[in-house]
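One structure, as structure tokens, below. Some questions next.
Labels run A, B, C, D and E following the written order; every chain starts at residue 1.
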């Protein structure tokens, strides 16, 4: 089942789901799930087959190529998995809303386009699927009307800008090496004498940077995520951002190659060190802004930008461990963020659209499964030892410290503590604390919403205890990209890379846990008591109005709130405002009076003749 | 085989020594107030009394959070070499570092965040505003002291170019104490020690007068006992880490415990006399003086290394 | 063998026959333009494969070049005439039910004349003949712009008339100067003897011609008439104007610059002018509230891009320009036709009234979206292929001057993306105002849906399979660029 | 200065008896319905601090006497030198059977708890008071406790005495 | 003070632990607020007996009521008592909680505290001196030894009576009863 087959099923699936949707809703939902699951299986089967074949011989003088190698397979399996989970989740989420056909069509189209990006063997088909993904995502972001429209518009303008830059860079390569197929493009570049032009790399960086929300180009992400429907914002921040990462890896290591990459940019300031520092900044600022957010999805959006900073940092370090860490963190972050967004979506679905952290509370009593999965996701995001997040962050830190970048390591570590604070704020304000009156008899989320959460939770814990499973695949990928492959045992790393054995960590933890529970068993079991019976200095707690945490980190907000407004966003908005002013100014040229129009014609004529006599033309 | 003994022994030592240190701290404070104070083993009595009480529970997470915290800190103890130089020789020289071969200082740093997180989750579920305010203060204080603490650890790691704790201890045996080679980091670490232990100058997390002992407001009976034990092991953990990083970690267990005692006495002296600071001032202090010193030290080490 | 002269003669004859047919039966007259264009399309498509090898030369009255007026049906000429015929056919079908009030007879005659003029401009080999067909084109479009007879229509028509007249007179002066120096009117003849004449006199005539044709080709300072003309003309007419008329003007400039004069020194200036037109067009479009004015300004923008591509003087550049002419023709016609019935339905032309059209006129809105996406250059549509070829051509030249100009031009496409997607959002994601009465009779009739649907299908298929048009682009570009071959063909036999 | 206050008080209000101020204390007796007006007048004249409201139970002639203690915040008005601090006691009589008076919360907001206390302990009803609920006592009393005819011992006997001890 | 006799610890650790770790929730009503601090601080140092003041009733096992109990404070006292974990002891200081003391005829104070919550120990004196407090504490030890300090068991058994007394004194209580009360009719019939 070659890459071409996968793509055809994906795109046909999107089209058919719309067609079936016109007949009956049930049929469309079943069909959507079947297609997604089928895609996951198809990709899983093609593990390990390296195939490259032309699927469209002569498109405007170039032939389009599809390729399936380890890197492509790794990203494809992530994309299809998260896509499948979000489709399953959106069964209940979208039922009853209007324009369901459009929603399913756009969601499956975005997933198909992402698969296309990942499987494409040459930069032109990469660009085509990239554009399809962008405008399909635009349609889905502005699905929920209201504020979603400006969010969608802001997203689409920035992504068009990015793709124009990418088109320029793409065609510059074609002009110089007159082929766009990645494999032989890479050979030609490496054999070419001169270095790789910096502006081409910067143009690619602009295009991919906008999509994966690096610091100066991140402003579209918080609005787009908080306005998009939850299942799609899981896809959006789970894998759509990772396409930017895939682009960076493809260009930096696939096309340009490691040896040449290290010389790109001025001798005293290499491109990849700038990328490292950008990644470090992208960790710090968004994490502290996420801390002060009150809307759950906006908090998660800012945290996505923060976590992307980790991946960029690891890619920028340009060592085998760093790249392995980056790839593993990409997979982990996709799973965590999908889980957390779906959990927020489940809560939003159940409480009728309430996402404001100051008005929720105590949902652990009504939605225990959702809380458990969200807890696992949160712990994974922080990188607590028994979750997969820990292993990938350990890799990143190890390479940062041994390569001698202590300040970058500092930024990453402080980012982890920022992650703890905002994950705890999310979990506390939504699930812990006192259950408000109006949610007293809220029943749990439907099974179709809990299933994706449980699957993600299971993956996090499984890869946390046995990181060898993904690491063996990632080790292979790192080998293909021009580094020495990372060898990993099933439960961690051998002595030569730096000892890490998750299994004895887990065994020690389980043992101590058992001892403590046994010790605790001696004492009498405590008496469960209602939430109103809490100590309030002797007064009986007034029911309901008693305890909602508002502005959870108020002291920090008072200290750093002023500095942490999103300056970059304000700069963009003021620039857009000025641009509108200029456009209105330009509109005045057409005064509506014929005499001025005639004067224009005569002016051009005189200019032409004058220019000729002056010898310019 | 000896590893199994060490695996069991190090948490036990941590518990016992921690509890005794707590009793000692109450004795020291009493002596400073010119009164007799309870016997050294008073915390043991308290724990037994609490275990015999039957308190209330606000839900499963309320109970599990505390267990999670205690388990986290006990596992962390296993990763710290408690005295002794050779990498994990058998018990002969009183050397204790069972698991420190798997992961080194990075794992210790990450395991240390399990304790506060577990307690925070448990307290969060207790639906008591005092607990929520306490937890918010605890996390903010943690953020405050983490910046200098990470700077300190990174300075030490880049000074010795290794992430394994046992190597750091071994290097200190030959090349002299860490406090001499990275002096500013040692000072910075000592400045934030009270914040990490949650003792008097920075004891705003479980302030009995203001927020009815913060996160522990709703805990009673056996959960409170577990919290006391967690407090003890956390105390032992932090001071053991300080000793390992800066005071050469001790040739065998006895010298190690002695050094810990000295450091503990110093911290208790400060604890006995200082009043409590507000959370904003705590953050401002931690980000100004200790962070500045640690940053300076890191710059020096980086320059000396790369230069 | 069918000769290209039929392409002009038959529709001309039909144009004059329409009033007679009108006497017989009012309804039959409405179909006349459609029949004329259908005939033209079939003939052009049948001649196209043969013309790809060598252009077909048709001499009137068999005399030698200096005297005879001859047609040169090269690959470029036939390709454009088939485009004109296709768009004319579709708009004619659309016009059958769209134009209800007003003097219907005049509409049909003028409409056919306009298309004849356009086909003539594209096919003729003689300079004066070019001017004659150009005049036919302009005059019929003046009249059609004022067709509605309301104050806005007449005023717009008047402005268009004044500027058009000045433009035509400039062209006439240019031709006069040229005839004075060279003594012949056939393009090939002038081309062969241009090398020998002194530069400055030639340049003045070139300047006049560019200014003259520029008015019709909507280049920056000269295109002030276009927004009023397109917005007040009935939608079918503005579709034809944007789709066909402007392009004829642009083709004329290209033919004059490349074949007649072979002037390469003016190309950088034209490139700059093109980019300026693009930016001005897009900026004004962004600030518009009225949908038809917005589409008019967007046409100006795209004309700028085509001019910029033409000024590249490289084979891929010219083929990219021709490809963009085709894709813009199809997409802009589609947009105008779609908005025609939307305005008819909502009763007002500003964008805010388009809210919620996605639900009430689903097919029209879908086609509108396809057209908008194609104009923005998004992949699965024909716009992307044309934009891709142009950018490839620019980067092929490798000169930093053109690359920086292209970068500025791409900013224009970003602005275009912004306002088109804003409209798409209005269509689909804004709730329809309840106050709007549910007009049942406003449902678009079949004669509107067929052309719009056909155009949308065309856009998507050419987008997916650019090979169909791709084969004809190569020879078309050589036809324009290769002066010697052109001269040899026309003068040789 | 104070004497001028005395004259124009008698001038403006009829039915007002003002006793001469000795050692800084001047008392003004006013009919119960004109209390708000007088207080507003005094407030205008620099006596802007309502220190206390107390009530005296003259059980023999069946009346409650309400006494409003007024004084001035020294810093912000310079009319009175430091040593001339002036207390003005505004007295009024209220019938004992259903004691009711207009609340002066419009003039001095800080009188709100005092009026609640008098209401709770004497049963004087203040018309226009937003929250006439319990301030210090927990239970309701049919005879308010501070009245002279309230027999505490008999009350204690029947309320607390009646509660049976919990036998072993 | 048999704190260091290991045999006793091994025989009954629970009782011994309760004796020598009395964490006190000292509910300072009335004049107790002035009398208790000297007991705790340097001069008389209650900590040597293991008595430490605690912030919340959840953590304590000794409930000290110092001074007169007004009707409004009784509501808070009952609430705090019910929030303490189970083996808990109550000690009343001064004569006011015993029989109303100086305020025996006041309409606003509670005369006999033990009608509302079970009291294990009384320390007489119109605010006892710290030495008297320590005598009380040692008596409490003996009571605990002899299993007589079982106020919390009495409260559980006789909860209906206590609850009705409380409602008679305070009117309607706005928190649910601590232990399930069988309804009155079935109570009388048993």
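Assume a residue touches a chain if its C-beta (ideal position, glycine included) is under 8 Å from a C-beta of that chain, and two chains touch if they have at least 3 such contacts.
From a predicted model like this one, the values you see are computed outputs, not experimental measurements.
The minimum number of touch steps linking subunit B to subunit C comes to 2. Shared contact partners of subunit A and subunit D, listed by label: E. Minimum number of contact steps separating subunit C from subunit E: 2. Among the other chains, C has the CA centre that is most remote from the centre of subunit E.
Taking A-B and A-E together, the chain pair joined by more C-beta contacts is A-B.
The chain with its Cα centroid farthest from the Cα centroid of subunit B is C.
Distance from each chain's C-alpha mean to the overall C-alpha mean is smallest for A.
Centre-to-centre separation between subunit C and subunit D, using Cα means, comes to 95 Å.
If each chain is reduced to the centroid of its CA atoms, subunit B and subunit D end up 61 Å from each other. Note: centroid distance subunit B to subunit E, computed from Cα atoms, is 37 Å.
The distance from the centre of subunit D to the centre of subunit E, with each centre set as the mean of the Cα atoms, comes to 41 Å.
Residue positions of subunit B with contacts to 2 or more other chains are 51-56, 212, 217-218, 220-221. Under the contact definition stated at the top, the residues of subunit E that touch 2 or more other chains are 56, 58, 75, 83, 86. Among all residues of subunit C, none touch two or more other chains. Contact annotation for chain pairs lists A-B, A-C, A-E, B-E, D-E, with touch applied as defined. Residues 7, 11, 50-59, 61, 63, 67, 70-72, 74-75, 78, 99, 101-104, 106-107, 109-111, 113-114, 117, 120-121, 124-130, 132, 135-137, 139-140, 142-143, 146-147, 150-151, 154-155, 157-158, 161, 163-164, 212, 217-218, 220-223, 225-226, 279-280, 283-284, 298, 301-302, 305-306 of subunit B are the ones touching subunit A in the complex. Contact residues on subunit E toward subunit D in their complex (touch as defined above): 70-72, 74-75, 100, 104-108, 110-112, 114-115, 118, 154, 158, 161-162, 165, 168-171. Partner subunit A is touched in their complex by these residues of subunit E: 27, 56-58, 75-77, 79-80, 83, 86, 174-176. Residues of subunit D that touch subunit E in their complex: 136-139, 141, 145, 150, 152-153, 155-156, 159-160, 162-166, 168. Listed in rising order, the residues of subunit A touching subunit E in the complex are 524, 530, 532-533, 535, 537-540.
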